[in-house]
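Pasting in a structure now, in structure tokens, and then I'll have a few things to ask.
Note that the chains are named A, B and C in the order they appear, and that numbering of residues resets to 1 at the start of each chain.
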Amino acid sequence: MSMAGYETIIGLEVHCELKTETKLFCGCRNAFGDEPNTNVCPVCVGLPGSLPVLNQKAVEFAIRIGLALNCEVKWSNFHRKNYFYPDMPKDFQISQYDLPLNEHGTIELPDGTVVGITRAHMEEDTGKSTHLGGSGRIHGADASLIDYNRSGVPLVEIVSEPDMRSGVQARAYVAELRAILVAVGATDGRMEEGSMRVDANVSVRKPGDPFGTRCEIKNLNSLRSLQRAIEYEALRQVDCIEAGERIVQETRHWDEAAGRTGSMRSKEEANDYRYFPEPDLVPLAPSAAWIEEIRSALPALPKARRQVLVGLIGNDDQATLDLIATVVDRDLDALVVEAASAGAPAQLAVTRAANELNAEGVLPSAKSFATTCQMEASGALSATQAKAVLAALSETPDADPKAIAASLGFEQLSEDTLSTTVDEVISANGDEWARFAGGDDKLAQFFIGKVMAATKGKANGKAVISLLNERRSG
Amino acid sequence: MTTAHDVAAQVRSGHTTAREVLEQSFAAIAERNQELNAFLYLDHDGARAAATAVDDVVAAGQDPGPLAGVPIGIKDNLAMRGIPTTCGSKILDGWKPPYTATVVERLLAAGAVPVGKTNLDEFAMGSSTENSAFGPSRNPHDVTKVPGGSSGGSAVAVAAGFVPVSLGSDTGGSIRQPAAFCGLVGYKPSYGHVSRYGLVAFSSSLDQVGPFTTTVADAALVTQVIGGHDPADSTSMPDGYDDLLAACGRGVAGLKVGLCRDLLDGADAEIIERVRQAAAVLEAAGAEIVDLSIPELRLGLSAYYLIAPAEASSNLARYDGVRFGLRVEREDVAAMNVATRTAGFGAEVKRRIMLGTYALSAGYYDAYYGQAQKTRRLITNALDAAYEKVDVLLGATTPTTAFGFGDKVADPMSMYLSDLFTIPTNLAGHGAMSVPFGNSASGMPIGVQILSPGRRDDRLFQVGAVLEAGVAK
Amino acid sequence: MSEQSPLTKEEVIHVAGLARLELTDDEVTTFTAQLGSILNHAADISSLDLEGLVPMAHPFDLENILRPDVPTASLDREELLAGAPSVESGRFKVGRILGEAP
């Protein structure tokens, strides 16, 4: 299997659950993991006589998403998408059709690629089926049980243009989109809980040819699956074409365990959703004033936040960019910026924030974090010690790092003590020293290790190296 | 039975009790309901509890509400918690909603006593109650005739003296047509004035709940209780309209009344004659009569019989055997859906679901549904233009008086044509009222229809009250 | 019915499928004629020139009817499930589902 001579064309549809208190069209709680059918009412179970009323907060979140994706926010309305399915209580879904709330946006990936956003529209989620018997999956099950707690949860579906050309790029798009949606507070972005769900439209072509026939891949519930599924599917399609077969436009299911996509429809039935304007709802026409109010309250987006850190560090090599992306993704950038303004070296603060701080747990105060970084930079703490101090700060975020260091026995070694220890280590390892003195720099690490062991980790690695070099040249 | 006004006044003043009034109502029902089939279900316990509660409030010297102790029939497409709500369909047989419609909540809060659920054409689709899965209702003026529909049971309940008031729903004439056939006041409020929350939807953009009463003033009283904004209905108008009771006494002096040819042509001669007499009564009371024609109204039938079935086809999808009501078990869900719906729906409902599904389906949307929605605009614009010249329109409610059982069952189109004069107001979302105005030579009631511009329903009550007072007995 | 029906029996069967209804052969024949008769009547509007008229979905031009994001009480689960044809473990039970949601 090879992609030689072909390019992959990818467009993505991302469904994102909004983080409202209540559902899109009723006052039932929008909560994950509650007892089945406990967050339900006549509206979201589709009982006869019930009527939907639109949740203002859901609209506000959807507009935030539209603005963050550079969309035009427009006069819109809701349509009914008619099809029978047991987890859909009214046997139609209230969605937006030819007049979506947000249209014509863009998203810029960290590598600079700009992906077009066709639309970002509002719709309601379905209930959840549990399949009995068989493998627990829908195929081979004898019966299904339905829980409507999720029915009516607000979704925004973000549809991209077919602007991506690799699985890696598609993955970067979803990661960036997720970061934006989380940053604007519209969703928690938990793919594993299903609060973000991705479908991928994939086709292949020889560069310059028109787009090929596409297949839609469903069940992509992690970034890793997304990339793997796209790469597999593109190769499958190229193989088909090379074998002289035609690609059939169809929906395919990603099998994570088997690492391949498979055809999903047991019977091909042309869908005829009979869309028509939802008569129980009135149009949604956000005023310019409301849109501006939402726009002015938008927080800084991930790209701008990353740029702040790049500016602080003055360095944009890939390793640094990766660390910065992690820091922003985990919402640690504000802490880093504050620590830097309190005197911490920005590069070190970013590195330590990305690798040592637990964004889900208790974070050190900016002052304590800054002091720790400064102590490490000045050699007062070794890297190992600095990490231990940061770990201790997660218990007592406002404590003085100097006091922690002292309580952990990290008092700095005097220069004399360190010098004496280095000399002792050199004389105890004569052969190695001879090789180091002869220019074998690899042995520096050996001596650092020995000095660290002798000082129980208290020595500063850089100080040891400078002493070793002094001895070698002197 | 007397009027709602009288009952409420007597209960409030302690001249009688809500329980006494209720027991009289139950007695009348017991005597004749088997013959007339007005009520599908009687809520003896709930009604007695509600009446007792009213009496307790009166005894405590507190205000029991404007409908204190008034027994009311509720069309069986309005949800009442714990009470069977069938919509006249086998598919909902036995289902008890876990919630109550806003209008019923408001009736209860006003001291009214819902006595039970009244018969209707299945899912309110029909003009005779012959489409009810539980047998037709009979016209108390002549039991060989239909009472009209779809709210036939509600009309019969009032016309037979079971209750002074009942609620119906009007999608294309389903209150006004049976009111005309049974000799009652039937009022369809402007769209959005009365909450639809808890009204089982037939055609969401056309449905409206309204009352059957014996007097125009009672229609005003009941509407003031059930009307007004409901946050649970997105299509509910944010503000209410003028005091309808006050409008009943305002007279018609200076009012311009359009006698509309297109709401008369094709009607029986004696019905046309009655409408002309009604115009004369209004003229004598100081109104100015203007003859006019709005030919676009003739297009209403086609627009209606595409829009209403289209919305219905979607509204009735949920009757799939999964969550409530009937299920005809099959091994897989799709087959179960088909078996359930095929067994549960009657022929007329199936016909309209089919028609609506077809009108919305790919390739036909623009030609049928899209064109019908534009026609709806055309008709509304034409009515708006007419209301530049006149304040209200006057015409017949129905082309004929009540017809016999089976007369129109074989040919759906002939049945649909009986809605010709009532449909345009539903399309425009305006208010309209049928007021009884004498009988035919054979003794069947004749209704005169008043139409008003959207949200100027007060004019219906001005005109209705004058007609009611001036009708030649 | 002497008029030409604007729809075929095959279309009637297809539409019944979309609507999850099963028709007997007799019903297919009757419905084809009856629906045809209604559609023929509707020809009076399909031939109109309505260019420029805005399709009317609602009687009145309401916009932006919104509710606050405040939780309200849920239904009692037992009361809700009491109306269901089949129930297991607090959920609605159905038979085998053939095919995933579209």
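Simple rule for what comes next: a contact is a pair of C-beta atoms (placed from the backbone, for glycine too) under 8 Å apart; a residue touches a chain by one contact, two chains touch by 3 or more.
The model shown is predicted, which means the values in this text are computed figures rather than measured ones.
A.B. asks: By C-alpha centroid distance to the whole-protein centroid, which chain wins?
C.D. replies: Measuring from the global C-alpha mean, the nearest chain centre belongs to C.
A.B. asks: Counting C-beta pairs in contact, which two chains come out on top?
C.D. replies: By number of C-beta pairs in contact, the leading chain pair is B-C.
A.B. asks: Just curious, how far off is subunit C from subunit B if you go by their C-alpha centres, in Å?
C.D. replies: Computed from C-alpha means, the inter-chain centre distance equals 23 Å.
A.B. asks: So the centre of each chain is just the mean of its C-alpha atoms; given that, what is the distance between subunit A and subunit B in Å?
C.D. replies: 56
A.B. asks: Rounded to the nearest whole Å, what is the centre-to-centre distance of subunit A and subunit C, using the mean of the C-alpha atoms as each centre?
C.D. replies: Averaging C-alpha atoms per chain gives centres 40 Å apart.
A.B. asks: Where in subunit B do residues touch two or more of the other chains?
C.D. replies: 97-99, 205, 231, 234-235, 313, 317, 320, 322-324, 333-334, 337, 357, 361 - these are the residues of subunit B that touch more than one other chain.
A.B. asks: Touching at least two other chains at once: which residues of subunit C meet that condition?
C.D. replies: Residues 18, 20, 57-58, 62, 65, 67, 75, 80, 92, 94-98 of subunit C touch two or more partner chains.
A.B. asks: Which residues does subunit A have that touch at least 2 chains other than itself?
C.D. replies: 41-42, 45, 53-54, 84, 86, 144, 146, 272, 274, 279, 281-282, in rising order.
A.B. asks: What does subunit B use to touch subunit A in their complex?
C.D. replies: The contact residues of subunit B facing subunit A are 77-79, 85, 87, 92, 97-99, 101, 196-201, 203-205, 231-235, 310-311, 313-314, 317-320, 322-324, 333-334, 337, 357, 360-362, 365, 369.
A.B. asks: Would you tell me which residues of subunit C are touching subunit A in their complex?
C.D. replies: 18, 20, 57-58, 62-75, 77, 80-81, 88-102
A.B. asks: Going by the contact rule at the top, pick out the subunit A residues touching subunit C in the complex.
C.D. replies: 20-22, 26-29, 35-42, 45, 53-59, 77, 83-88, 126, 129-131, 138, 141-148, 218, 251, 253, 264-267, 271-272, 274, 277, 279, 281-286
A.B. asks: Under the stated contact criterion, what part of subunit B meets subunit C in this complex?
C.D. replies: Residues 95-99, 190-192, 205, 231, 234-235, 237-238, 298-299, 301-303, 305-306, 313, 317, 320-327, 329-334, 336-339, 341-342, 345, 350-351, 353-355, 357-358, 361, 367-368, 370-378, 380-381, 412-413, 416, 427-430, 454-455 of subunit B touch subunit C in their complex.
A.B. asks: Considering only the defined contacts, which subunit C positions touch subunit B in the complex?
C.D. replies: Going through subunit C, the ones touching subunit B are 7, 11-12, 15-16, 18-23, 27, 31, 34-35, 37-39, 41-42, 44-46, 48, 50, 53-60, 62, 65, 67, 75-76, 79-80, 82-86, 92, 94-98.
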